Structures are given as structure tokens and as C-alpha cells.
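Here chain A shows up in two complexes: once beside chain B, once beside chain C.
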Partner chain A sequence: MEAIGERLATGKTSVIQDMFKEYEGVAGTSRCYAYINSVECFTSRLLFERTLNAWSGHVPCAENRFSNYARCDNLVDFVNNVRDLLGSKHGATYYLVVDQAERLRDRGPMLLTTLLRLSELTGVDISVVLISNVVWDKFRPRHGGAADPVSVYFPYYSKEQILQVLAKDCPLEEPAGFFLTFVDAVYEVFHRNCVDLNELRHLVAMLYPKFVQPVFEKQATRNEFGRLFKLCQPYFTAASERLYLREISTSEWQKHSTVASVKNNPEDVATCIYHMAENNDGMELPHYTKYLVIAAYLASYNPSRLDVQYFARGKDPSQKRKRKGGALVAAVDEDAGARDRQQLLGPKSFAIERMLAIFYSIIAEPVDSAVDVQTQIASLITLRLLTKTSAGERLDGIKCKCNVSLEVVRGIAKSVRFDVDRYLYNFK
Partner chain B sequence: MPSPMSQPSDVSCARRAVLGRLYGRAPLPLLVGLDSPLNQVFSLLSRTVTSAEGNSALLIGPRGSGKSSVVQRALGMLEDPARHQSGAASVPKYHVVRLSGFVHITDRIALRDIARQLLVEQDLDNILIGSFADAFAYILNLLRSAGNGGEGAESVPPVLFILEEFDLLAQHPKQSLLYTLFDIAQSQQTPIAVLGVTARIDVMDLLEKRVKSRFSHRQIYVQSPQKLCDFVEIARSALFLTAVTDCVSASYAEQFNARVEGILAAEPIARRIAHIFDFDKDVRQLLRLFVLASSRLSPESKLLQMSLVEASVAQDVASAKLQVLSSVSLLELCLIISMKSLVQCGSSKYNFEMVYSEYKSFMSRHLLVVSAGGSMKVYKKPVALKAFETLVELEIVRPVLTSMAADGGGSYGRNDLLAGAAQAARAPKGYRMVQLMLEPGQVVELVADRVDVPAVIRRWAQQ
Partner chain C sequence: MTDTYKPMDAFDSMTESTFILKPPAQQQAAAKKTASKSSSIKPISADGGFTRLLQGKESSESMELRRRLFSEMWEPLEKLLVDTEQHVNQMGVSEVCSYVDSSYTRVESVEKGQLDQPFTEMSTAVAFAGVNTGDHSKLFGSLQEQLVTGGHHVALLESQYCTSLACMLKSMLEQILASLEVSQSSKGSGRQAAAGSAKTIAYDMGLLKLWWDEASAGAGASANRVVVILQDFEGFAPMVVDDFVRIATSYCHSVPIVVVLGLATSYESIHQSLSKASISMLNVEKFNLQRSKQCIDAAIRRVLVEATDTLSFGAEAYKSLLDQFLLYNFSITGFVKKLKFAAMDFFYAQPLSVLASMLKRSASGALAVVGCPIRLSPEQLELVRMQKSVQRFLEQQLEETGDSQHFRLALSSDEYMQNSVLPQLLRRLASFRAGYCLGIDLVVALQDVVPESLQKPIRTLHYYAISQRFDDCMHWKALSAVMRRMKAPDMDRLLARINAIVEAAAIPDWDFATKNEVDIPLLLQQTGELLANPEQPANPADAGAAEPAKRVRTRTDMENRPFLLFDNNSSDHMLKALDQCCANIEAILRVSLALVGHDV
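This part shows the complex of A and B:
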């Protein structure tokens, strides 16, 4: 029995699968190996039945009405079926490979232990291989019934190895050396924040067409790396982060970036990329609702004891500002308050009445009586911009939390020309 | 005769035999220091088989101390004379029923399996109606009538019940399985032996009063080896080859055993064995040290390789977490260090926003130094959050669950920032409290092991 733990995308699954393919070729034993992905087999029953299907060579198809080898609801059925199926075949070893094995710990306390003891319980030679990117300590059964498996670590790729793997993605008609230079550059840009091979492959696949485009448009030759990188610069700066965060989807990128790059005017490119990401936001709220969101944000992040100073009407605004800039902020000890500022702790819940009071205070003109503020609040809750923290069945004394980030609130405030930063207490 | 064919088969036989013993597929050739429990278990079982006594006992001992081996050996001894010495007539036929708390999670399932193990050909669904005791009596009746057909005797053949993980079976509601078994064992009508095997010392407290009153209170203790030399002896018995049983040539076995002796005496390995002995005396952990070396036995290297055993010793000692973390990107490393400095400032839990603000304030303090040393930029919040989520996925950072899951039940469940609807409703991702699963010292070690870390970061980690 073995467990394999290491990072994402280190080739654990491919190594194991290839190994068993080789092994099948040599020994001619096609039915000794069951590969189970525990994301696919999300219940124990699926896991049991798939395993038995694989070991018995049973394939669900139209003839057998897509039935499984046997129905297995619990561990006993599974153990008995395994014993019946394989018990007579002495000397052969069977393998069960479970990918993403750390998920098995959520399937009842005994599943993992039983799998690790399967050969003891059934009397058949069964090796269980667990593949996971979490160390064994994290999902060792608490009951302690299973012996620790042998661990094999897959070390992460070094830079040379990553480049070798990425070089295999080189398009057929492109010269490999040219491609490698580009890949090397991408790695140098990104390796400090991301060493995940899958992410790097994604970035290379997205950015490489832009890199070679000037060659086909006869603006540069393949030898002018410096010039090519310069032409490619707007993509690296403006787009790479958005691509990395998937703010721009693959299809969007392929559609829009062609349009932009034909002109090859850096400013156009930048605006185009900017628009691509902008489309995704699309937060268009009614006028008063925007103020409601701002009020909710203020109620969530400001201490209620300061409400009078910030929002009380009838005082001289200059006096208000003076107090805020002077005594109030000075009272906060810079260092002590720095780590548990409300900005870092997240939104507090507030009574809906307090939010309404702030709303009526910050809104400049009197609210039109036709506007149903309560309905707006309800729709904000539906949109998940507010989350209700009081119990669901309560009708009065409702408490809410604001679920919107500062950046979004700043955007909303800007659209109604409201200076939200003036009202925020102890923000940096 | 050393023919060219015999040599490779020697190695493959040795490999198969040794690995089988290391993985527990084959019994160890000798049990070290377990003679007294073995004799007790054997005499108990054999009395049930030969003189139709009803017996019950508990076999208690820590994990990996050889309880199952004792049972296995006792059953083997029981079978042996029946087959070879006195012929089939003098030793009556008996059945063995094995149950395990791991798989037989309810009494109903256990009953089905008992029926299956005792009378394979019967239709099970008719049996399993009515109360547990009735159904059980019915099964025994069927067994009796099946016995009648053969020999005309009035009695039921003896049944040996081996209950592994007895403590888990005792946690079934009402304990009707245990009650019925103990009751029959006591009432003498049917000769059955009930042998519970468990690692829990306090297992008697789990039994209900009525169950306890029917139990014979015979407890057999299996102890881990008391002396280091016994512990080493176990490893030796697993690794040594004997020419006859393992089908290898005598000269090869001699060579092989000499090498094993050398390995066991070597300094780092002996120290590791002593270490395991001092900590938990777990035999399985001891045997695991030799798996790597034994699986590499091949015609090219016919003896165990010292270096491979040393490698698995080194791997055992090394922290698995640090091994996984040795390849994190620089940004992830920075986040780990900021969490460490938050811990050192006295916060026991923190969220991503705090970690990021710590990271940013460090970077802004040292930006001048950094830009002089090499290119390093302050990453934006979403990029940092993505790196942070990688750490969560590796379970190096894990969420602190509030209130309901605080009793430790939560620490077993799923680990990601999106888990738990209640948790998710309360706060956006960046504000959920987390903890770093590393000691500050480990973080320092982690940074010290890396070569590509800028000096500023290195100094920051050591603060």
C-alpha cells in the first residue's frame, strides 16, 4: 500500500496510469487494476461498484441494461463481493488506485481504514494506492486502525523540467528554439507568484499567438527578440494578470485580442483589454439602491458610537470634518489599532434601522415617496449584496451584513458622486 | 547446483517472501514474546472445539502489538492437528466466523454476514425477520439440522467467533449482537467461543450491564515488546530468509541474512529503530522501514541495499509538510511568513485581509532595499488571494471553525474556504478566520532551506 502526496500538477496520476499500462502490456493482466477518481465516485457505493466492475472486467452496456457487476451498498457487501470475485485466484495481485484520496475522509469514518485493510479482510492480495496532494497526516483516520502507508513524494519540477514540459506544447509549425525563448520569458515573469504547471501552460497558450503576430504581420523578424517583446509588452502588463485570475475568459480573449492587435497601437490594446474585463462587472443598480449599498457598507464598517459625529444633521460640516481629522483619529493608537481594524476584520452585522438612518442622512435630496426602500433592501438581500444574519423567520429586528468589497463600493460611490472615504473610520 | 535459472528465482522468491511478511500478508515465522497469550487463546479455542465448552474472552493490546497474529497463529494450530495427527474423526468439525467492527457497522449487517459465513447456500432473506435473538437461534437451528444430515449427532458443531475491533461492535445501539453471543456462550447449549480483539484498554466500560453479566471477564493482554532486543528480533524474523520455507538456496539465504544483520547493526538505522521503540513500539512502523529496500531486490542487486534503508529512515524523520512546501512560489512563501509574524504578534487566528495587510506593510517598508537587490513587486490582492488559496488547498492553512465545530469534530471535515454554508453566509472569503498549520520554527527552517529567497525576506523570516 502506498500513499503519494505532493503538489498539484506534478504528474502523479500520469505516472501511475502509465505504469499500469506498461505493466498490463508485459503481464497481460488487464483486469487487475481499478482506477477510481474520488471526485467522480462521490459516494461509497459508486466507488465499490466501479472497483468491482474494473476487477471483473464487467462493462455496463445495453445488453446488461447498464447494470453493475453487483450491487454494493455497504462495506460488508463490498468485502464479500471482492472475496467471491478474487478469492479463488491465488497468487495474483490486484490494485486499487484512488485519486484525490483526501476526499475519502468525508465518506464515513471507516471507509479509508477498510480500504487500507482490504487485503487483510478479504484474504486477497490487494494493493491500494492513494494519490493526493495533501500529506497523509491530514487524512489519517482518527481511529488509528490502519497502518501508515508507504509514502512516495513526487518532487516539484525544477525550472529546466518545467521548460521541457512546456516545450512539448510548441505548435507544430513553429521553431522550437524560438518558442522556448518565449516560454523562458513567461516563466521568469510568473514564477515568483505561480509555479503551477497548468497555470503556466494556460498563460503560454494565451500569450504566444500575440507574441508571434508581428512576425506574420511583417513588423519584425524572428531574430528580433527585443523588438518582439516590446511589441508584446502591453499584453504582458495589462492582460497577464487578468488572464491569470481568469477575469478574461479564453474565448473572450481569443475573440477580442485579434481585433485589438491588428492595429498594434498600445493604447488601443490597453483600452480593449480594459473593456474586456469591464464587461464582466455589470453592476447596474438604481440610484437609491446605490445609496443603500453605500449606507450598508458604512454601517458594517464604522463603529456605531461615531454615527452622531459622522451623520448628525444640523451641525456645521466644517466642524464635523475637523473633529474627524483631529481628535477622533488621533485617539486611535496607530500601531495597536492597525491589526484589528474593522477593515481587516470584515463586516459587522447591523440593525436595518441604523442603515436606514445613515441612508437618509447621506442622501442629498429628499427621497421620492414612490420609492419603496424596503423592497430595495429585499432585492439587495436576494442579490447577496447584503446577507441577513438574523434568524430567517424573524420579521422585526432584522440584522444584515454588507457583502461588498471596498473597491466595488468606491465604484458605486463614484457613480453617484459621493465621497465615501470621508465617512470611513480608521481605513487605510 | 547453481544453474543460471535458479539464481533469479532465488531473488524473486526472497522478494515475495520478505515483502509478504513486511506488508502483513504472510505471518512472521516466530512470535516474539507472545507465547503466554498465544497459549491462552489456543487452549480457550481448543477447549471449545474438543470438549464443547462455551467460552468468551477479550484480547487486549495496543495497535501493532500482534493481537491478530496471535489469533491467526492459534487458529492455524487448531487446524493443524486436525489435519495431520489424529485424523478427522477425533477432532469434530467446527466453524470460524470473523466479524470486524470496521465493516460490520450495524447488528443487522453483522447478522447477515454471520448467516452467510455459516450457511452459504441458504436463502438469507427469510432468516432475517424478527428479533435478533430469534434470527440467531434460527441460524443455529439450521446449522444443527445441516450437521444432522451428515453424522446424525444431536449437537451443533462448535462455532468460533472472532470479533475484531470489538470496541466498535460494542458501540452499536442495544448491543444485541454481543448480548446474544455472550448469552449463548454462557448457556452451554451450543458450544461457541467468542473472542473479542480490541486496542481499547477501557473496553469493559463500554458494555451494558446485562452484556457484562454474561461475559466471562476473561481478559488476555498482549503487550508490545518490553526490550529493544525483542523489538529488533521482530525485524530480524521478518527479514531473515530460511532455505526451506522461502524456497531459496542455502548459500543465498546465508548471504542475505548476513547483510540483514549488517543493516540492523548500522548506526543510523539502529538509532531509528530505538527511536520508534521509545515512542510507540509500533511493529508496522518498524517493518515499513524495509519496504523500499526489499521491493528493489532484483537479479542485479540480490541483497538489501543499505542506502535504500537509510533513505527511508531519512524520509521518516523529515517533516512531510516541509517536503511539500519546499517548492512553493515566492509569493506563497511571503504569505506564510506574514502569517508567522502575525502569530508572533499574538494573534491566534487571522484572515486573508490581515495577512495581506501585513505583507503589504512589510513590502512598503522594504521596497527601497528590495528594488536595489532585485526585481520584486508587490502583488495585487486578487493575485495574493489566489496564492493563498493554493496554501488552503495544500491544507497548510486551514479555516478556524467557530462555535458548533469547536469540539474537534470540525477538524476532521472538509477543508476549503468555501465549505460550510453557514460559514460562507457569515463572511466573504477574505474575512474568514484561518490558522497556519506550521510552527514559527518550521517556517524559519523552510526559508533557510531555499536558495532562491532574497536576503530581505530571509531576514524577515528570522525576526
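This part shows the complex of A and C:
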């Protein structure tokens, strides 16, 4: 059987786990099912040994020196061990539940096929349940041979169902109707962008104390929903931009949002929230490294054919300034290729030599230590500010991409008083 | 060659022309063992590489003295640098330790209407450690040490050893199980045997849970945490970290796992590496350990400004030392290495480095001149005479005193040079160093009362002080301009601060240091009296020179440019007193920063 839900938090795992727990109680048998998380069991050996532990009821502990039921390095060992363990137990059906089963497709061509034909191979009644966000066709073994599972789709919840789930989070001391009104508002605000039930629950948990805060501060009554929503507006704005993306964590939100109160000044709330996301987030780079990042960005986003116009050190400074004018060059091509702008297409690869040429052109003072500059390039690749696109073993003609956003580059350029916008082609 | 052909040895291949023959594992292990037993760097010779200078004419005593001086100077200096770095990093490290201690404890909030969290998030500390990745090992090593001292079980992971999830978990579990083993053995429990068998079992997070359950079963609710430090987060493969986070979060409700992510760049790299689902499982708190600039400032203060009997650099050498740090890598290790190279160059290659033995710290902390333990050779004394600073000093003395006999003897008699002139020169040097430290302290005190935009770090102040004369430096002028706009209460506070600094300064003889030009303590006393009682000038000679009111209110800065006077409500006497205070403080700064300075 395969349980499929195309979205997260549709209850696949919990429903199946609860079902098997119930089944164990009803059937009076224990140890009939093994629950395996494919991410956690990242090798086949772990998967096999955990399965055997679960079916045999073996628990590793200090007494048995933390050993497993049996050592299984490959499929043959596994099949033999299953046959030895369960071959004599006729009549009972054993279940193997594999969560995030799409990960199994990367564990060799035969694993999934063998698991789905385990019953045939061992002669034991074994049923395999795969839980996945991916439809079966996407991770079906290419060579065939695997029995097609029965697919059970877990649809996403309707609004009513979501509200019912969220209503269960209502604190005991709070009126349920009031809480539901708030939950309904949160759903209406966030449901277009946030489809994960867990995330909605998180947002409700973070925002509800802010929503009722004016009630406890005697600024509004529980009946004045409009006023309460207005007072909570800065928090909703921050949540839609920062909290949902986890630029602000739960503890930071709980710690800092209590500092500001709408009672004092609503603008303070927004400032405080934005401040907590920006706090400690500065990237400080050495002086030449900043220029290297700027050069990498220019090399990644400017067409190489315009390098001479932008960066050549001509004899006539006035001509150079004219040529440098990014706006002038951009105006020519603005109508022609607005949709093909590199800014929209993302960074493109460039040769390190080109980046260095731009670096030596834009830097004001002469740089003599070539070794240190090369070391800095290596550091930038290690820090993933540059992404290497050429093959790892290639020593000459290395190509990279710039992995830094425009905002960051603008910040870096500002710190060295370099007007990066003048050198960017066709940027808006 | 048939299909059944099988290569017999490493050379027996037709497709490869380059062979890499690695030594067998046993040999490698033996080699490692031997290498670890013996020291990694063998001494070049019994003298530590010191050779006789001056074309071999240098005495063996002099060479031995240089070797001893280098050792005596560098070892405490290195310790000082390490201590300084640790001291500066201590605050950030302590913050992370406190966070780990308080993680997974429910904080009672005063806020009403709180909801329970829908799922358990894993406590995660994001430590911004700066781009100087070479220094991170020391920083995170010290964090690990402190956490272990606090009773936590810590695993420090480096990306180079964690190329896959299996390697990562193995490395993590080996470190944590080892720490558990140590704690169990200290308690006298009999679980060590089981720990030994851990090598034979698969490393996965389930094992950690089993171990944790076993370890915490007897101890009850434990305050200990399992801390996993990812020292260089950007170096880890994104998939590996993402899977690790998913696995760890599924266990954090039963094992209190705290993850410390060491970031060299910015928070954006976490968003680039981890999926939204993984990030949602983290309860992140940010910490700033990026203190390389503070470290370097503290090191420069203690080594180049305060520690007067260590190295001293000229402007160009100092700029080169600083450029390497500021322009390229922010590396403190690199800075210390360069400093050591400079010290080695001085003691290995300079015959006059033996003169450092003549400067010793007295019990009071002041720098004193003692006799040189060896006699300088004629070649060494000739080198002393060839120094431009010595030539300037002798010519200046001749101009001032007209004592040609002294001049002649200094140039012709080695005995006279060694016994009379050299101690005098070194005394001047000692006075300069002590006064210089005072001068920098005064500038720092002055900077504290000026706007932040005008404040410079001590590394820059030191550069200004050694590269420019007081009257030429724009920064001193800017500070002075702000000082001239001060109101009386601010000036009073500044004077009190300056008084405290001057009193604490260990300068044995002010008269010699200032060449009898300015008596700094007396000048400060007069300035204080003048400010307290502006109607009566401290110097009665000034009382008659009543300045016209218009002149008092038209002020100029050090470059004689007029500026707006803000404190227009003060009386003329007070304005004049303030003006005099500024002039006095400038005089003190000028004297202390240069003292007998630029001609040393």
C-alpha cells in the first residue's frame, strides 16, 4: 500500500501509526509492525536491522551490549533473517511501514523491488506500507519487477477541517468563540501563502497572545474585533514577512515582542520586530574581499561583451565616465530584452580571470599580493559566496557563479563607498 | 590478454601510467604514532638557529644573549596574546553557554493567552564567528571546553570530516559516547564495557537515545544537554545538514539536543542550506562571536602600546602588519605569526637587539635602564653610531649645550659611548614609551566624549601617533575642535578623567620625559583650578592681560579657522577659562604623544 499526500501535514504518518497501534491492541498480537523513517535509516543496513529489531521485539541495551537482533549488510542477509525469524510463525501478517519512502529510490536499484516482493521472497505474510509526498510513478523502479502498491490519497484539509484542528489549540481560560474568530482571521490572511497546517498552528500560537494583549491592557473588549485586528496589524505584517520565513525564531519572537506594546506606540512594535530580525546579521568582510565579492557580482550579472565599456582604463577619463554610465547603456537595450535581463535570469558562470580583471579595475589602490587574493577567492568558495561551476579536479580555467544577493552586494559596496549601480547593466 | 586476466599488483595495469602507492595501514599508523611522539618541528641546531652576526665577529655571549632575549620576550608575549584573545571571546562564549544551560526549560511569560507550541523545536544557537575561518578552531574549541566543564556532552564537528550523514553521525556519536564513558567511569558505573562495544554497532541517532536513556536512568532529571557544534556550517553539504536536522529534531523531545551552528557569513546561508521544513523545526537564537577586530585592538593595546619592553614598529612596518589583517583575512593567527616573524627578524638578524637587555621593568612597573650584561663590541658600537636617531640626538645635544668634547668622545671613544651615551639614549626611549602609553590613554579618554563618528579604534590611533606629528594629524585636530566646543560641566568631567589617567601613569621622572618644557601634573592642577574659579586665573601674570570680549567669542580651531561657539550663555571669564583648558589639554597631548618622541 502507498499512502500519498501531495502536501505536508496531511496526517499520513500519524493516521497510519495510530491505526497500527489500534490494530495491535485489537488483534492481541504485538511486534507485528515496524515503523521505519527513511531519512533516519540512511543506509540499507540500518533499515534492515531496525526492521528485524521491531519484528523480533529486540531492544538494544547495555545488557546486550547495544547490539541489534542480527547483522544485515545486504538484501540476502535480510531475507534470510526474516525467513528465520518469521518463517515458523504462520497465520500472522507482519507490516513494514516506511515513511518518506521516496528516499529509497537512491538506495540502489533492487531495494525497493525486494521490499515490495518481500512476502514472495520469504514466504511470510508481509505487507509493506510506503508513506510519501511523491506519487508512485515518480519513484517506481525503472527496471520493473516491483509490484505496484495500492495507492491511498490523503487530501489536504478543507477550511472547516483546518479550523476544527486549530480550535483544539484553544487555551482553557480563553473563550472558544473568540479564539475561533481569531483563527478564522489568521486562516484568511495566510492560507494563500501558507498551506502547511503545522505552520498555521505555529502562527496562531505566536500571534494569539498579541491579539488578546489589548483586552488585558483594557484597550479594547473582546467584542471589538475590528479594533483588536487593527491593533494587531503590525504583528500580522511582521508575521507575514519574517515569522513565517523563520527570520525570527519562536524564542526571539517571545522574548522581543513583549518589549514593545501597541499600548505605547504601534510604530515601535514594527521597529522592534524588524530590529530583531536584523540583529547580529551583519557580514563583515576584509577590505579586498569586499571588492572581490563586488567583482564577482558584476562578472555574474554583466555581459562580458560590455566589460571594455565599463572597466577599461582609457586615456580620456571623460570618455570613460560616459561609457561607464550604466543608465546610458541600459537605455539602449531596455525595450529590446527586458524579459531576458540577467537580473531575472540569475547569475551566470564567469571565469576567475575575468573576475580578477574587474577586481583590479574597480579597486582604487594597487594590489600587489596576488597570493593573498587567490587565497581569498578560495575562502569565498568555501563560504559559498562563490559557487564553483567547473569540475572539481580542474586546476585552470576555473568558473564560478556569484551566490550573493543584490541587497548584500549593495551593502558591501556602500561600506567601501563604491557605487555598484553605476556598473550594473540593465538593472532596476 | 584474456578476459579472465586479473591484475596481480598495483603496477600491473595497462590503463594507468601514474601510480599512487599508499603505505599499508599498519605502516601509516606506526608513522603517525612516531610523529605524535616526537615533536613536529625539530630544532635546527643547538642554538635554535641563531648564528654569529657581523660577518662572524659577534661574540658567542652576544649571540647567546640574543637567543635568551628572544625566548624571554616571545614566550610571555605569545601567552599575553592568547590570553587577550580568550578574554575578548569570553563574553560571546559565556552567552552561548548560558543559552545551552537554559535550553528546553519552559520560561514563564508574563504575557496572557499563551498557547502551547504545536511541536517541539530544537534549540539552536547560531554563532556568527566571522570570516576568519582559520581562528574558528580555537574559538569553538574554547566553547567546547567550557560546555564540557559545565557538564554537557559535546561533539565538535568539522565539515572536512563530515562529508556524508554517516560520517557526521559517527563522528558525533563517537565524541558524545566518549564523554559519556568518561562521566560514567568517574561515577564508578560498570557500563564501560558496553561503551567499548559501540564500535561494532551501527551509528545512528537511535543509539544516542538508547545511551541517553541508560545514562539518565539513574541520574533522574538531568540538566545536562547533548550539544552538537557545527564549526563551519557553510562547509557542510546542504543535504547532509538538512537530513541531520530532520533526524535530530525527531529525537529532541527525548534527548535534549542543542545545535550550535558556526556561521562565517550571514543568516542567509542557513536559508540557502536548509529546507523550509527543516528551518521550521529550529528554535534559533543568534549570538555574535565575531570579535576579531576587538581581539586585534586588545592585542595592539597590550603589546604595542602598554607593554613597553616588547616590540616597537615603525609606521610602514606597522601598516604592513595591519594591512594583512584588515585587507585580506581578519586572521588573528596570521597577525600573531607576522608578529613572531618580526620578533625573529629582530633578534636573529639585528646585532643591536642585545640592547633590549638594558631595558627592564622595575618593581613599580616603570621601565628602567640597567647595565648591559655584556660589553658591546666595537662593531656593534659603530652600528649604534650609524643610527640616524643617534646622530640626530648627538647633533641636537651639541646645538643645545655646545659641548664639543662630549660630541667628540661619543664618536671616538667606545668606552664613553657604552657607559655614558647609550644609557642616556635608552632612558629617553623608556621615557618615550611610558609617555606614549599615557598619550594614547588620554586620546581614548577624549574620544569618549566626542561623537561616535569621530571615534577611531586603537589600532588607528597607534598608526596616527607613529606616522604623523601631533600638529599634522587631522584626527587630533578634529578631536581638538570638538573639545573647544565643550561646555564647562563636560570639560570638568574630561579633566577629572585625565587627572585619573595621569595619576595612574607610571612615569618615574616627568622632568626628563618632558625635557622640562611642560610639567604635566602641575599644568593639570592649574587647569582644574582655573575651571573651578574662572574669575581668578591660576597664573597671576595672566590676570592683567584682559582679552577683549569680542576676541573671546570668536574662536578658532588648531588651523585658525573660526567656528561657531555653542555655549554662548557662559560668561567671558568662563569662555576664556575653557579656552585655556583646551590649550592646556592640547599641550599635554602634544607632549605625551611626542614627549622626546620622534627623534628617538
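Keep in mind that, in the parts below, the second predicted complex is superposed on the first by the 318 of 428 C-alpha atoms of A that agree within 3 Å, B and C clash if a C-alpha of one lies under 4 Å from a C-alpha of the other, contacts with A are read in each partner's own complex, and residues count from 1 in each chain.
Quick note on the criterion: contacts are C-beta pairs under 8 Å (C-beta built on N, C-alpha and C of every residue); 3 or more make two chains touch, one makes a residue touch a chain.
This one's a predicted model, so the numbers in the text were calculated from it and none came from an experiment.
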| item | value |
| --- | --- |
| Partner chain(s) touched by A:Arg117 [first = chain B, second = chain C, both, neither] | first |
| First (chain B), second (chain C), both or neither touched by A:Asp106 | first |
| First (chain B), second (chain C), both or neither touched by A:Ser132 | neither |
| Contacts of A:Asn81 with chain B and chain C, given as first, second, both or neither | neither |
| Partner chain(s) touched by A:Asn302 [first = chain B, second = chain C, both, neither] | neither |
| Partner chain(s) touched by A:Arg45 [first = chain B, second = chain C, both, neither] | second |
| Touching partner for A:Asn193 - first (chain B), second (chain C), both, neither | first |
| Touched partner set for A:Arg65, first chain B, second chain C, both or neither | second |
| Touching partner for A:Asp169 - first (chain B), second (chain C), both, neither | second |
| Common interface residues of chain A - those touching chain B in one complex and chain C in the other | 8, 196, 245, 403, 405 |
| Touch list for chain A against partner chain B, complex | 1, 5-8, 74-76, 79-80, 102, 105-106, 110, 113-114, 117, 119-121, 125, 133-138, 142-145, 147-148, 150-151, 153, 155-156, 191-196, 241, 244-245, 338-339, 343-347, 387, 389, 401, 403, 405, 428 |
| Touching residues on chain B, where the partner in the complex is chain A | 23-25, 63-64, 68, 100, 102-105, 109, 112-113, 116, 165, 168, 199, 284-285, 288, 291-292, 315, 320-321, 323-324, 326-332, 342, 345, 347, 351, 353-354, 357, 361, 376, 379-380, 382-383, 386-387, 390, 393-395, 412-415, 425-428, 430-431 |
| Chain A-touching residues of chain C, taken from the complex the two chains share | 107, 109-119, 121, 124, 128, 130-131, 133, 165-166, 191, 193-194, 197-198, 200-202, 204-207, 210-211, 214, 232, 234-235, 243, 246-247, 250, 264-269, 271-272, 276-277, 279-280, 282-288, 290, 293, 324-330 |
| Chain A to chain C touching residues, read off their complex | 8, 37, 39-43, 45-46, 49-50, 60-62, 65-68, 169, 171, 174, 196, 198-199, 201-202, 204-205, 208-209, 211-213, 216, 245-247, 249-252, 254, 258, 279-289, 369, 372, 375-376, 379, 382-385, 403, 405, 408 |
